[in-house]
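Report on the structure given below.
For reference, chains read A, B, C and D in written order, and residue numbers begin at 1 within each chain.
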């Protein structure tokens, strides 16, 4: 598959705006809900200008009432609308879990297929700096664990445009999308869009082909993996980088074929490792063919603590290009790999010359 | 400038309220000044303009109570603890902060001083204050608990759950609504279907108090009255205090030209600035300006010292990253 | 318009049907043929019948886990209900829903939930879609008096009033949430509280009065369709059986049998014994047919386990 | 030793803890009513009064924040939910507030609270009354998660949870409440974070959680009769997980079967598999196998429920498959089932 709809280089933010625009243009059933959809900042600019074109009544400024508003979206979906509910911090969705898990995820099955809940929930992973324990969580595994939900983590403009169009126009169920804030200002070239490894835009993607080690990554870690792979390619290590993209529906074959070829696996996730997506990838390998591995799996993610705010702690809380590159080189060549490493100790500094506020 | 009424409080208390107000304002002015240095990498939700609420209420509680703040926590933290040393340490992400730099601006706490915390999730601190009120009722009769929150928090179901539960359980719980009419950029009229929050709250078994003076002494006196009634009646109190935020919702800049602002509103509130109002009252009561300048100068110097200490304090090291995920014996 | 007598008869027939269906459930329960926790409506049927009288199939209803009465009153098919309780393939949801999650989208019965208060916002959302799409639908969302303590009730009411949505909030007030009575849990008067949101409130003291419930519902629904904004209705009623399950619980200590006797006095099935008597045979035939359908319907198999997940 | 059922063991623990420490209190929807959460809270309101054992409004989110506030002021709340599914209404408080409050305040803030919730199968409970949600809590730093499987463990682990200075999520399977076992009369603690070997064996390592421990022990006996010796490990505390005995066992047997009482995807079994995969690298004789819920919401009808939930038979068949044994004849074997005695609902 190629990315049909993306005609030019777009920033992640522009892609989100385009995706919202296209959805609203394609069907007047599409309604946007969120705190700030209609204000002058327009959810980081992703909903700016839409009210002028489609009418303010389709962009619903909501009270601070996450549980209630999610239920209202479900009710609207049951009565013919396609709601897109946006939370400017993924953390806020914890207030709406009853409606998402107990209702939206189950409505179809619980009633034996009588209903669908066509709806999208956009969650922004709030990481930049100083966001702390309640504004930076990446809770994909909570949703991926629940049957009935589709959970995506688009890592490029093309992934946004294609998978959102698919969600709104083709998919019948509820889609949860995690958008990483550090990517918002990044521009993605159309020619560099990863190859889609499956039948729908939700499928896994190959960021880069390689032979020495498989890197399975999510969200912004796919960009980091690409940068690490570029660095290592010049130093004789060839990485096969797979962007999971859809963490709830993982094609075991894609992972196993790659691991079968490379014999080594590194998982780089945006969240905590225990009980998370990275554990799930290990599980897939352990269950399908642990003999395919020449070395134990290495996983990188957030340190097992709530997110601290001090920059000094935050920089070691998250992996960075140096630790990622070192981990890959160690996995392939052993501890004394002798490969020089890039000096980059803060991912946030790289992706965002962020001077606050949000 | 509105002329302040004559003080009904003792001269000492009047001056003391001013000192805290001034200190709070000065701390935030300092933040505005030094934020561009980029040493404080934490999102700032500034209290500026709203200080009279925290200062009046916390002083009325007078150490015999616990409070929890919203994410707009600076004024509440400073009023409850008077500790700008830890404050600047934390904002700088240093080991002399309230939490070794792990909490930043949004989660300031000092539990021994009755500052139970502040939260980045709108309304989430309200039920925590209720739990503290319950504990206080059992263990320390006469001690109260207060939750500070903006009017945006009353959109959330958990506010209503807590209002109902604390009334049903007759807890010494004070709801302090810092009513600035705004949730980020959205006015009440776009968020609330009812005409008056206070009218809905009155339907619960609690005592409701309103204030629209921006006068720290008036807020102090009202809170004293509320606490006394609460202790005698056993009913929670709801204080709706009109206020006004000077700066953008998050950040240290003015946003007077943003489309949600109204020029006349801005002028009206700045014309009754809570710090200026109390200063004027003190001068009118006969306090010499040079004495007041001396008081202010001392506070300024102390704040500069705190800032310098914060900058000089060590950054937390890797050993602190996983420290305190679980409880550590002090 | 039917004449009063015919109308009353029709309403009594539905009430009787629901009562006898649930009594049949009680009868069948010890056989373990119905393995689903049942929250019986017995005593509360007239409310459902009255409210649904003037709803068209395109009008939308959301209800609670105590949903048998609404399913039948809204026009859901009885054999499919019975087969669902039996956990058979022929059930309305193929056995995946059971008693707590009844739905019949073709007649606007849009589902129910086992989590208290969680369908209240669904009614508001459906009303929002109806308003934006100009469908002239009226929406009813049903909840018990306990649900009012949940934050989501406030969130839903506020939004409906703010956007003037065509939704009728119906509080079925049986003054019992599971086993504790209201005074221990609610620090406000429910009606005054609702009124303070600026919503029109109506109270029906006797939920057993079929005609009155029907008339008032018709008037309120018409107002919704005409764009008059949300309405709020409390209907007082009484549940004869235990919170969940087929038994009585008057020995549990939280309520007394004499409470029930007050309600029996206005129960239409006791008030009009002659009308009821002449309907019994038809009702029985209808139920027998439904039970026979359920018994004959096959059990779902492993092949059904993984269908309709997404 | 004296035998007690699980519900009475929990009840005795709560009683002893409340008698020992006046700061302990027990509350939640239905807690003081005559049914008393499967009997586990019966009699406490009468004995300790309405300030220490009380009902709440239907306001799960608020009443969870309440626990945090009370804990910060030196109380030890035990908040009880009759269904774990209702915890979804409280996740903001548990994940955003409670789990990180100590960390956000520098590490010395005791947050001694217990969230007890009932998980598991009755019949016909359906999609909203059947979840386990183990991994929802184990994934979050700062929370301890306990899932006992015997009356003795139930009592001792709950005492440890109440005395712990950290928030503990305590998940009890409803069927366990009728299980009897030896329970000491005096108050005692079983430390959190220590696994228990339920049966030693050499052919295969079987890690089971909550109700699956009961099923595993049953399966283990039947397998032993045909000469297969599985080593059964009950982690008891799911976070922090005591991984060493599991790793030691897998190094010995070379085979691992995980029987979790939850969905498999991104769950506890994935976490154990990941740890074993890394730490026992090269010692596994074959791929790890896992048993858990079918990847669907829970259906209500019994026939589908039986496919949805694993049991001792599922374990036996999986072990046989892993060891390359032909399936044994299980006719006449009485598999554990509460369905005959369980008349539901609650």
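What we mean here is this: contacts are C-beta pairs under 8 Å (C-beta built on N, C-alpha and C of every residue); 3 or more make two chains touch, one makes a residue touch a chain.
Just so it is clear, the model here is predicted, and its values are computed rather than measured.
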Winner on C-beta contact pairs when B-C is weighed against A-C: A-C
Farthest-lying chain, centroid of Cα atoms versus that of chain B: C
Distance from chain C to chain B - Cα centre to Cα centre, in angstrom: 47
Inter-centroid spacing, chain D versus chain B (mean Cα positions, whole Å): 42
Inter-centroid spacing, chain B versus chain A (mean Cα positions, whole Å): 37
Junction residues of chain D, two or more chains touched: 56-57, 59, 61-62, 85-86, 89, 92, 96-97, 103-104, 126-128, 141-142, 295-297, 299
Junction residues of chain B, two or more chains touched: 100, 102-103, 107, 119-121, 155-158, 161, 164-165, 168, 190-192, 324-325
Shared interface positions of chain C, touching two or more other chains: 91, 95-97, 101, 113, 115, 149-152, 154-155, 158-159, 162, 184-186, 309
Overall pattern in which the protein chains touch one another (line/ring/star/complete/other): complete
Of chain B, residues touching chain C in the complex: 155-161, 163-165, 167-168, 190-195, 199-200, 202-206
Chain A to chain D touching residues, read off their complex: 67, 91, 94-95, 97-98, 101-102, 105-106, 109-110, 132-134, 137, 141-142, 144-148, 247-248, 271-280, 282-283, 285-290, 293, 295-297, 299, 304-306, 308
For the chain C and chain D complex, residues of the former touching the latter: 35-38, 87-88, 91, 95-101, 113-117, 146-147, 149-151, 177-180, 184-186, 244-245, 252-254, 299-302, 304-306, 309
Chain C contact footprint on chain D (complex, rising order): 29-30, 33-35, 55-59, 61-62, 85-86, 89, 122-129, 294-297, 299-304, 307-308, 344-346
Chain A-facing residues of chain C, complex: 60, 62, 91-97, 101, 103-105, 110-111, 113, 115, 118-130, 132-133, 135, 137, 139, 151-152, 154-156, 158-159, 162, 307-310
